[in-house]
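I've put the structures underneath this note.
Heads up, the next two complexes both have subunit A, just with different partners, subunit B and then subunit C.
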Partner chain A sequence: MRSAKVLVRALPLARALFARRPARGVALSAHQTHWLAMLLFAVQFPLLPFVPLWIGLFGMLLVGLRLLFLRRDRAHGEGPSRPASSWLLLVAAMVAGFAIRQDFGYFAGRDPCVAFLFILLGIKFLEARSSRDGALLVCLSGFLLVALFFYSQSLLAGFAALPALLLIAATLQQLTVPARRAAGLAAWRSVLGSAGRMLLQGLPLALLLFVFFPRLSAPLWGLPTDRSAKTGLSDRMAPGLISELSLSDAVAFRVDFDGAPPPARQRYWRGPVFSLYDGREWSPLPKPQPGRFEPAGSAPISYVVTLEPHDKPWLFALDFAVAPPGPAAPTGDDAPDSTLALLTRDQQLIAPTPVTQPLRYRQLSVPKASFSAGDGRWRTEEIAANLQLPRNFARTHPRTLALANELRGRHVGDAEFAGAVLSHFNEQPFVYTLSPPPLGAYPVDGFLFDTRRGFCEHYASAFAVLLRAAGIPARVVTGYQGGEMNPRGNYMIVRQSDAHAWTEVLLDGRWQRYDPTAAVSPSRIEMGLGGALPLGEPVPLLARLDSHWAKGLQLAWDALNHDWRRLVVGFNHERQRSLWQELDLGRLPAWQMTTIAILIGTAWLGLLLGWLAWRRRRRDPVHAMWQTLCRRLARAGVAREVHEGPLAYTARAARRWPEFAAVFDIVGEAYAQLRYGPDVRAERRAAERRLRRALQVLPRARQLARS
Partner chain B sequence: MTSAATANRRFPSETLVGRVRQRMFRHAPADDRPVVLRHHRIYILPSKRGWAFMGTLALLLITSLNYALSLGFVVTFALIGLAAIALIHTFRNLAGIELRPLSAGEAFAGNPLPFSLALSGGSLPRYTVHLCANEGTDVTTDITPDVALPVTLELPTRRRGARPLGRVTLSSDYPLGLWRAWAYVHFPLEGVVFPTPEPAPPALPIARLGQADDGPLARDDADLAGLREYQPGDPMQRVAWKAVARGAGWYSKEFDGRGGGGPLALAWHELPEALDGEQRIARLTAWVLAAERTARPFSLTAPDIAMASGQGRDHRRQALTALALIEGTEK
Partner chain C sequence: MTVRTLNDAKVATAQRLAAVVAQLNRIVVGKDEAMRLALTCLLARGHLLIEDIPGVGKSTLAQALAGTLGLRAARVQFTSDLLPADILGVSIFDAPAQAFRFHAGPVFNSVVLADEINRAPPKTQSSLLEAMEERQVSIDGTTRKLPDPFFVIATQNPVEQIGAYPLPESQLDRFLMAVELGYPDAVAERDLLAGGDRRGQVASLPALADPPTLLEWQHEAAAVHVAPALLDYVQALLAATRGNTGGETDAGARRGLSPRAGLMLLSAARAWALLNARPMVLPEDIQAVFPSVAGHRLAAGARAGALQARALLRAVALP
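Moving on, here comes the complex of A and B:
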């Protein structure tokens, strides 16, 4: 409030700087300016979480400033608006552009451009003076509205776009009526009502286009990779990364199973696999080699994954995938889309481009604990990489090495050794916790012998290191473990809080899964994070086991979101094809499809036109009857003059056809009463009846003309 | 011969191309009855704003395609649907409007020449209907339901003569301004542009003939002498309207005899030789006005004009019209 006052005081100064130039076209009225401001707010507001804070505040402040100018001008009884001079605003735009360049570090990307558009809208609004500027602003706000969907296509974003859509229609309408007659915001109900009606009337056309307008299976031009950070697994694993991720309730992906979901202990969703260890961080092998799918076996599980965009190339599948991911909906051609993702030698599914939009794919898996490591020239390299330890490991981790040697002495077989390490975790006082104490420079030693408190990444990392120290190839696998069935909608939600790390050990030519976390806290695998962590740990709300009412609400909301993702957001090239198949349109050539769509669209417009005419006639039956009479008499030779009232006209007709004089009397009087008389319901109804009956008595035009 | 001439005017060409052109553009004033705008008369195309909006939609579509933004498609298609529906509403806003020619006006050259049309929109309210005639004033108006709305279009005038209204364009971009619907109507309305009177004409010729008074014309504006009972045929200017308004009955004013006198004879051939045709017309016009102002009967002779003596509004109009329509005085 105070700052507003300061701003108002600063106005004279600003006014001295701002010059006035004559408007081109029709000048904007105050009411029209208000509508424009509402539209701009409506498109700016939903974007606030996605643009830098200063951009959001500055952009909306510019719009507010214009409103302030307007109020001030009206208080002084001046013209409706006094916009700022263009050169000043040009300078402002350039400064804003420069600041955005500094903030983002680059300009020619999607995000800086959206931010610039955000500001530009405010600047242009400050300068807008004619209805032409207003129309330009409406077009620009359309861009900003669609830009919102770069960042989120959630149900909420869809709802947030609705007011803006309505206001686009309303503002266009208010810009069309003469400026002095534009309705103020106070008349919002009628203005938005008529705008909404038009949008609704256009809805069938929009639906038609949505179904029939062809989508692309690949983008027209390369999508710029923007440097944004999304929550999700990383392509590195350092201590603390996964436990941090586990604090998030965000959805990683959702799964629709064709049959029953596998039991909790089989729900290992495979993500990045890490073989290289530098003493602190795990990282993947630099050059992934192509792998072979496991044999399908008897009963593979079939399911559809709806992956939230995570800006990384990997897709998730249950261990282990037996076929490449295919389109979520069956298309005409049976061959699965092999470009969706490739399988690497370590059984990861890698897409050619990062997943920046919600992605749906169908996947086949066989739940198993091991897979064949395969042969070939990469085998030795793979073994070498998975045995590698940091160069000065012996010097920095003497206790780990000693433990490995001691256990190795007692257990000769590789499998026995791995089992012994698990028992070690199980028998020693290890604690599973989200908030482990900080580890020193040599994390494995410190964790195994000093703190003994850690999260899955600590256990997986220590386990792999112990096995490598004993000469057994081992590596760390990250992904998600678990997932919660949503009873509403019957699908599985996998959240970031399900993020997990486990290990794989090469035994007898097969990579065997070992989950050391299960040895420490078996309930983590069976019941998820909420069941595994001790009381007092900061478990995210939705990962808790107790049925909080908020969780029930959240599940319902998530089910809605899932349908939204599946039906609306996920309506892509493949789904469109499969819908066409279902409608038996898949085989038609493109031109026939186009013709059908155009015909349906035209039919709708025709129908609408007819309906509007019919409604008008129904709404005013008296007028319709009067029109019928006038037309009939005109055809019979007595057309109504412009200046003739109903009584004079019927009197003239009565003179022309004296045999119907009484009828004409009744008609004229009844019509005059209905049109100009008092609004008494009973009387009106009687008059209407008289009018109708009189018209029935009156002969057709041809007979009248003859008599 | 005359019927052929009218036919010629109605249909500028008997050829097929000519008829199609007339149907499309209404070049000839062939609308001799009230016109109801129907689909065959209404054209509709995107307005400038509409083109810009469509360009925006195309860009939004390309963006949505490239980024595979399903919600982008939803918004874009909703806006395309909106634009398509606006087409219907724009058409409906003009369709069914009835136009009737009411009257063609008169004006002195240099003044705007008014033409009246009646617009009625049936039971549907019509918004921001825009009318304009060639180079004339524009009128933008709403039409309330069940009302015949008189609209006056004014044409600028420069020269005396007959001045047709020409083709009238009705247009509207209601409700969203994305489409402009328009229709041509060409009524055979013809107004008359009276000649400009000479600014400071010499005194009326009667003065020279009778009383040899060369004083300025204004002195002929005689003093009020008194009132007498109104008799049918008395010029309207002489009716004592104040008395009528008071309800005192009908009286005519009588003036001092100085300005009166016998009927004036305004004659083309009696004007000084030095005056050319247009100057003569200007002087005669000024004299007609002066005579009428002082309520004197006058007769008028000029090439192709021989008006008997008379007075009153109609007489004046006939005289002025005749003067306006004199042909071929340019050298």
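Moving on, here comes the complex of A and C:
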């Protein structure tokens, strides 16, 4: 009811907005329309992988439709192309908006809004008629182009945006010249060439702003989070989840070590820790308690993690972190930013908000296999939680309980019991595989005694359950194990295929790491997934060990991307501050920095303008002198008309300033002689001398204006 | 304006031309620009169309021009029954000599005043216009050369008058320039009224040149230097008449100027420069002749066309 009222009220407004009014500004020419179409295509193209297929096709179809109309109108000889009916377009926009709402299920979010903008651009193009509309379209294209970086900030996305950027410059240029003189697409070489030159001339200014324009330490507003699924570890663990993740080549994070990387068997990147088990799924404790960092002890490993956005709050660190994560670039005076992430009692690093943007942080770790469980009032609760077993455990897991009891009877010590379980995995015919057979309602029982084929999550889960059944506190830890050094760029790539699950057992007040997978397949830990699985398994190409040429190529490309992440995308507040520090600018007050930046910018602009003037002067000194005169007289109040010849102009000036009539006479005659006279060298030289001398005699503009 | 680089011969030419203009101005009072344009037209080897009402001095202009330059002049009054032979001449059987003898028509004079050319039927009009273009006449299989210099001054009544056959565009194109004389201003008219017998004065004008001298002047005019920058300017002007100014096209424009008109514009500008004692053409020279050269090609009626041409001049920037 209320919305209907609003709609009725909005109708006159819409009518006013969309009424056929005389086009303001100059009508777009066919050539200009063609350039706009090329620009729109170039902006739409890189976004195609990120919008639904029908949106992409529809948006491009709208642009193509306008081109078709243009051809039809030209064939019929009707002057400038007739734009489509505004009412029809309004309806089309509303239908598109509704369809997007239906497709996504919501509207106020990043993805549906980008999709809507994608469509609106095409609709606006259909009704564009004046050069003002054209300028608006260029502006909107800029917005849509920026939207591309919501989805990907990779080097490839940067490259994909370049043609559109070039076309934005070219189209703007074509819109500023009179419509009739706009160049067609056939002249693309010269048009794009000059647009490219102008962009290059602006590049130093862009660099200057990049380095000096202050960056905010936190964004002004957060990006709306979308309900999109990103690959990465989940906040629960069920059989099959990690093996599914292991099929992905995608990069989880990259690591730059200050020194040598730790050996492969120590590369446990800690992620979510799970204590609650319902018989099928593992989930974390509901209320994480703050934890204490392990003492640093011997020299810790220092490294910088470049984390890909995974829409979850946890950060990854090598077991075990000894300090909170800090800014990637040391800013000197600043203390490590303690708000980056908090440590929980089970040694997880949790950020206050989900990681939706690439994040770089510095981390210190000491590679160890155990950490102190700590004291305090939470200790008893922790022990109780990590002994918890599903209800009716004895009834649903009879064989598991029997095995635990049998082993417990033979091994009294907790550590011996854990070792016995590992030997059980090792000695019985267990198989490590990415594609285990499906398990029934009680997967641990079925796995331990029937199938005996599983991936790391099966082993970790079964191991923890067996220990709990024997009364020893144990839990499952997920994360990544391993990582591959990229020889180009000397950093480590950790992929989703390195996802792993292991266990921790509470022994003598310390949580001790046990990796049951290592007992079944030791090469998984030493050599990664590719080394552990037989050839028939569907291991992702990049996780394989053999040096395929495509893998080498991919590593090189990844190194480039890593540098791009590090130097360009990751150039945030902290890095900017540290760069200033390196340039010894850090101590300057803001206004001095601003002055320096403005001075450099002005100097560059001056250099460019000076170069242009110098080039013109060298090419045609006479014309330059004439221009000087025209400027001087114009400032004094007598501007040359565009069609005015030298004699007519100087005669007019002589009438205004009769006391200099003789000088103007000489100037006009000498310039006319030089510009339009026959090319006789001696005469030209004499005329040039006369012109120069006469210009020296003539007073400055201000004096002329006063006289 | 002093131009230092004229050689002596050119200085002499300029002085003699100035004398010609001065003498013309004494006969047709107060029409300095029209006089100069008429002389320019002659120097550029083009023909002149004067569009005006009767009695403003068209015939006087033609006779004064012929007398001052020492050329033979003839006048043809065009009427609706005028035949081509009346202009070109006719072969008549000479009984004693037993042969045809050619009686040359008025066209065989250096200056031909074709009065009220738009009163004659098209066939007669075109016979004269063909002679103007080819500077020769073919009668009964014999081709006869017309005198050199050969200069036609045609007058026409404003088109809206009764009993007129307006010249088609293709024939208008043969005229280098179209000028208007217009009524003289008050001072000049008073002078005219007080001045007594103009016909007598015209008859007794001293000749300041002769046909060979005029030919030499025409050669000199053709040799005046035109800088490449000015060729750009002429091209821009031509493009502008074709509607390529970047602005809106004028609905009144018939069509643009032909390349031939462009050549004519250049030669008129050269002659104008010579008349102004300059060894090279300046933009001002082109601008001075442009309304007369382009006017009758752009619109029906010399006045409307000249107005349009002036507007174009203001719109086209000097390169």
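Some observations on this one:
Just so it is clear, the second predicted complex is superposed on the first by the 590 of 707 C-alpha atoms of A that agree within 3 Å, B and C clash if a C-alpha of one lies under 4 Å from a C-alpha of the other, contacts with A are read in each partner's own complex, and residues count from 1 in each chain.
Going forward, a contact is a pair of C-beta atoms (placed from the backbone, for glycine too) under 8 Å apart; a residue touches a chain by one contact, two chains touch by 3 or more.
Everything numeric here is computed off the predicted structure, so don't read it as measured data.
In the superposition on chain A, A:P178 makes contact with both subunit B and subunit C.
By the touch criterion stated above, A:L136 is placed in contact with subunit B alone, subunit C being left untouched. Looking at the shared chain after the overlay, A:D558 reaches neither subunit B nor subunit C. Of the two partner chains, subunit B is the only one that A:S194 touches; subunit C does not reach it.
By the document's definition of touching, of the two partners only subunit C reaches A:D665; subunit B does not. Shared-chain residue A:F571: touches subunit B; no touch with subunit C.
Residue contacts after overlaying the shared chain place A:G677 against subunit C, while subunit B stays out of touching range.
Contacts of A:P646 after superposition: subunit C is touched, whereas subunit B is not reached. Within the superposed three-chain model, A:R616 lies in touch with subunit B and out of touch with subunit C [touch as defined at top]. Within the superposed three-chain arrangement, the count of touched residues of subunit A is higher for B, of the candidates subunit B and subunit C. Looking at subunit A, you'll find residues 178, 642-643, 675 touch subunit B in one structure and subunit C in the other.
On subunit C, the positions that touch subunit A within their shared complex are 1-5, 225-227, 229-230, 244-247, 279-284, 287, 313-318. By the touch criterion stated above, subunit A contacts subunit B in their complex at residues 132, 135-136, 138-139, 142-143, 145-146, 149-150, 153, 157-158, 161, 165, 168-169, 172-173, 175-178, 194, 198-199, 201-207, 209-210, 213, 215-216, 219-221, 223, 357, 568-572, 601, 605, 608-609, 612, 616, 620, 623-624, 627, 642-643, 675. If you check the complex, the residues on subunit B that touch subunit A are 49, 52-53, 55-57, 59-60, 62-89, 91-92, 100, 102, 118, 120, 122-124, 127-128, 140, 146, 148, 173-178. Against subunit C, in their complex, subunit A makes its touches with residues 178-181, 641-648, 665, 668-669, 672-673, 675-678, 680, 683.
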